[in-house]
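See structure below.
By written order: A, B, C and D. Residues from 1 in each chain.
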Amino acid sequence: MYSNLSLGALGLSADFPTAVELAVRHGFGGLDADLDHLAAQGDQAAVREAAAAVSERGLRWGVAGLPVDLTAPATEFATQLANLPDRLTVLTAAGIPSVGTWLRPMHDDLSYRRNWVVHVSRLALVAEVLADAGLRLGLEYVGPKTFWSTERFPFIHSLSEVRELIAETGASNVGVILDAFHWYTAGETAADLVGLRDADIVSVDINDAPADRERDQQLDLDRRLPSSTGVIDLAGFMTGLRDAGYTGPVKVEPFLTTLAEQPIDDVLADVSSRLDAAIG
Amino acid sequence: MYSNLSLGALGLSADFPTAVELAVRHGFGGLDADLDHLAAQGDQAAVREAAAAVSERGLRWGVAGLPVDLTAPATEFATQLANLPDRLTVLTAAGIPSVGTWLRPMHDDLSYRRNWVVHVSRLALVAEVLADAGLRLGLEYVGPKTFWSTERFPFIHSLSEVRELIAETGASNVGVILDAFHWYTAGETAADLVGLRDADIVSVDINDAPADRERDQQLDLDRRLPSSTGVIDLAGFMTGLRDAGYTGPVKVEPFLTTLAEQPIDDVLADVSSRLDAAIG
Amino acid sequence: MYSNLSLGALGLSADFPTAVELAVRHGFGGLDADLDHLAAQGDQAAVREAAAAVSERGLRWGVAGLPVDLTAPATEFATQLANLPDRLTVLTAAGIPSVGTWLRPMHDDLSYRRNWVVHVSRLALVAEVLADAGLRLGLEYVGPKTFWSTERFPFIHSLSEVRELIAETGASNVGVILDAFHWYTAGETAADLVGLRDADIVSVDINDAPADRERDQQLDLDRRLPSSTGVIDLAGFMTGLRDAGYTGPVKVEPFLTTLAEQPIDDVLADVSSRLDAAIG
Amino acid sequence: MYSNLSLGALGLSADFPTAVELAVRHGFGGLDADLDHLAAQGDQAAVREAAAAVSERGLRWGVAGLPVDLTAPATEFATQLANLPDRLTVLTAAGIPSVGTWLRPMHDDLSYRRNWVVHVSRLALVAEVLADAGLRLGLEYVGPKTFWSTERFPFIHSLSEVRELIAETGASNVGVILDAFHWYTAGETAADLVGLRDADIVSVDINDAPADRERDQQLDLDRRLPSSTGVIDLAGFMTGLRDAGYTGPVKVEPFLTTLAEQPIDDVLADVSSRLDAAIG
């Protein structure tokens, strides 16, 4: 696995050439692509060239966002799905291997099984279109009870459920996006990671949680940098990834607004060193 | 539909002959059977005779409890299931038409879909054994969020879900047990009752809820007598039952420990009059 | 229900104004729309006017074809789905209430459950788009064993299965297209129609089967006009429709190439009289 | 993997001590247990002693039959399930690690999905009882189209389907029984075995098929000894087992009545040598 610089996930921003410099300077193994920047290069050959320049700096890609809203009304979803092949040409030209999205863990009208049909339906189609383009899809579950219990029907909010969902789609190019924060808030332990293989995991986030709240009171948008409070068993989590033979990107996504107030080089040096320590 | 005297659901007790007298005196249309009392009559002819005596007093039967634990370990469940036909002979001799149980709305280890398989599995078998004996099965869902959100995996806690479960069993002798308290706490309205037919409903409970708590803070074991606080739209609930052409028993189950401290005739006169007012 | 003239289903053709005249002359209650003819009228007001002219002749509409291939590759399906709202404007302007398609009853690669996921997925989306336009969808199952047994994995080929599929989509605007030939070849009887309501049935075909073949040897494309051989229990089939309170179109689809060799008025007089005799 | 002597599968019989001698004489690696013989030894200590004697001859056990009928009426199934723990004591005392049964690949009344619910239901319970005793369960699918197409609703008749079924039970002690004859008649190839691991396979049969019939005309009970006609790609099948790291028993089950007419030592020498050649 390799550390991945995702400025967006840190609440930071920079133009793409600067992001590349920052990633190199702070020793990241990869960074998130800037799709607008890539698309602006011109035709596919130009995109390939721009991507090659990044690769030559020793950087790999993080996961791009899936440009389809799985919960949109059917007509809107159909339009997004029909447009998806075109949207993917930049990604394939740049060599970005996978896209990801998260699963909304509740619904006010659809029971678990009705919502399941909606998700399987749409994911099966999305996965087939992505497979045609040689791309993988990562699905992130969201663990906090303060989130999944807020509407009438809780939905997928654990690793075992997202794996059931992936199996049901019948697609071989869909895997999970693991986040230590969701793993912890879902009440999962190292035992839940046993049996995972590299092919099952598309991307990984590591974070910590505030120490002054119980697990079931944790809030999705109030997290800490990895290994800062020790609430989350990061060692156990990383051991699970190593046992799975995971080879993909690892980033942090702490939703800490204070990061934007600090010198960016200080923040990235700290983040990179935390990622390196975790990856080992 | 008819008012049903269930002393147990009121937190009261009396020997069965006394219960029959109380039911008649306070104008109930039916009462819960005392299976031990019936079994103690001797052979099936004696049970039939005892049941006929109740019937001659103008009383019908409420729903008996299902003598099978749907969530027991497999070996224990298998033994209970194998013994079920014998356990049913008293019920069939007495002419009791249906048994009921409730569904635990969460699980700490089984995801929704894994728990679904367990429930469908066991209910399909139980329903087939009951059908052989000419009995129906009623399933009660439990609505309060303070209950279903307390373990890692919420499970069936709404009318739509219990109807999905019944459909999946493929059994035609399984229906729902409706409780106004669960209907309210599940966030359901009169619209959720549309389309129900008499055959879909096995039994009904009516209760009210304390006025000093929000819906999502209501507690399963803290209820009020019907039409005492007005928190629950009992009129809308009863209209739904009438539109369904419901013909079965209606009882109250308030979990009010104070009832046992009052004179039993005062309590039953009040309960009977509340049931009559609701049934109309 | 009403008799419906479908020249295509008879292997005949005529321009639309002629078809209307033929339908009126032979006493049909409705006819299939000619979507190209309607679209060629111009804007929606023109389509409405053309449809009104048909309505004034006392004719109702049959079911139009669904312009989406449920088994197309995902990208193709997505494009068809995205284009569907536009394709439906002629139908809604003309007041055509429903579209239909049939279900391929086998697959060489997809197991029953994998094919089920594909069908539920796509039907859920199609049904939602149709519902937005106020249209219903009819699904026809195909009964002959000589068809469903020809690949590795048989799929939906009976009424009970198509009803399970419809239930799983969760859509309230999807129903079944019944064909007496499929009902017979699927080994179904009048008992299988019990419980159907008008809302469950979108369209009906009646046909007979050759007398010199066993049920399991019947071929999908070798049928007879209704009540010509008596192989199929048409009386039982029609009783089922009447008990369901069916109000929609009834047509014949005999796949008899010989019809095109006879004078069209002779054919239509015969067909209309067979339909009237069946409808009663 | 090891060759397993199953006299019953060869249409032969012998008392158990003789069977042990035959297995040793002809170089088999294991043999089927004779449960009546073992039970007749007396208490569990006596069974353990008898089993130890077999083990000392260098023999391992084949799979025993599951003493539960998965398709029995519910009451009968419940009784068999309740009695199962007692029935298993001989097996566990003897150290027999697994039991097996086959899946009936069609039904005249239950649709695929209804039959699926029945099978998942019952297998989940059986697997839990077996797991409590430390036993695994093997499920054999039956491939010939001349079998699965003979009733209204085909059911599981392929490897992919039986694996879907096992996944749905959620049990970790259930695997597949592979038979080269079913693998061939189901239209499967070496590609279908890719991804199998030792833990997925409980037992294996190898057979060949008559050369004068097409695949879809093959009959379940008319088979040939392995490598006698070459119709079945035995080499590809065995490569799949080796790639899976399979460690369990391999036997033949040719349903050849002629074997009983030949000298038993001739038959077993031939069978053993065919098994050894295949296992390699």
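The working rule: contacts are C-beta pairs under 8 Å (C-beta built on N, C-alpha and C of every residue); 3 or more make two chains touch, one makes a residue touch a chain.
Since the model is a prediction, treat every value here as computed from it, not as a measurement.
Participant: Using the touch definition from the top, how many steps at minimum link chain A to chain D?
Facilitator: Tracing touching chains, the least step count from chain A to chain D comes to 2.
Participant: Which chain pair shares more contacting C-beta pairs: A-B, or B-D?
Facilitator: Spelling it out, more C-beta pairs touch across B-D than across the other pair.
Participant: How would you label the chain C and chain D contact, same or different, if same means the shared numbers make up over half of all numbers there?
Facilitator: Chain C vs chain D: same; shared/all numbers exceeds half.
Participant: Distance from the CA centroid of chain B to that of chain D, rounded to the nearest Å?
Facilitator: So the centroids are 46 Å from each other.
Participant: Roughly how far is chain A from chain B, going centre to centre by Cα mean, in whole Å?
Facilitator: Roughly 46 Å, centre to centre.
Participant: Chain B: which residues touch two or more other chains?
Facilitator: Residues 114 of chain B each touch two or more of the other chains.
Participant: Taking all chains into account, which pairs touch?
Facilitator: A-B, A-C, B-D, C-D
Participant: Can you list the residues on chain A that touch chain C in the complex?
Facilitator: Spelled out, the residues of chain A in touch with chain C are 73-75, 77-79, 81-85, 114, 117-118, 120-122, 124-125, 128-129, 132, 168-170.
Participant: Note which residues of chain C are touching chain D in the complex, please.
Facilitator: For chain C paired with chain D, touching residues are 111-114, 116, 145, 149, 152-154, 158, 160-161, 164, 186-187.
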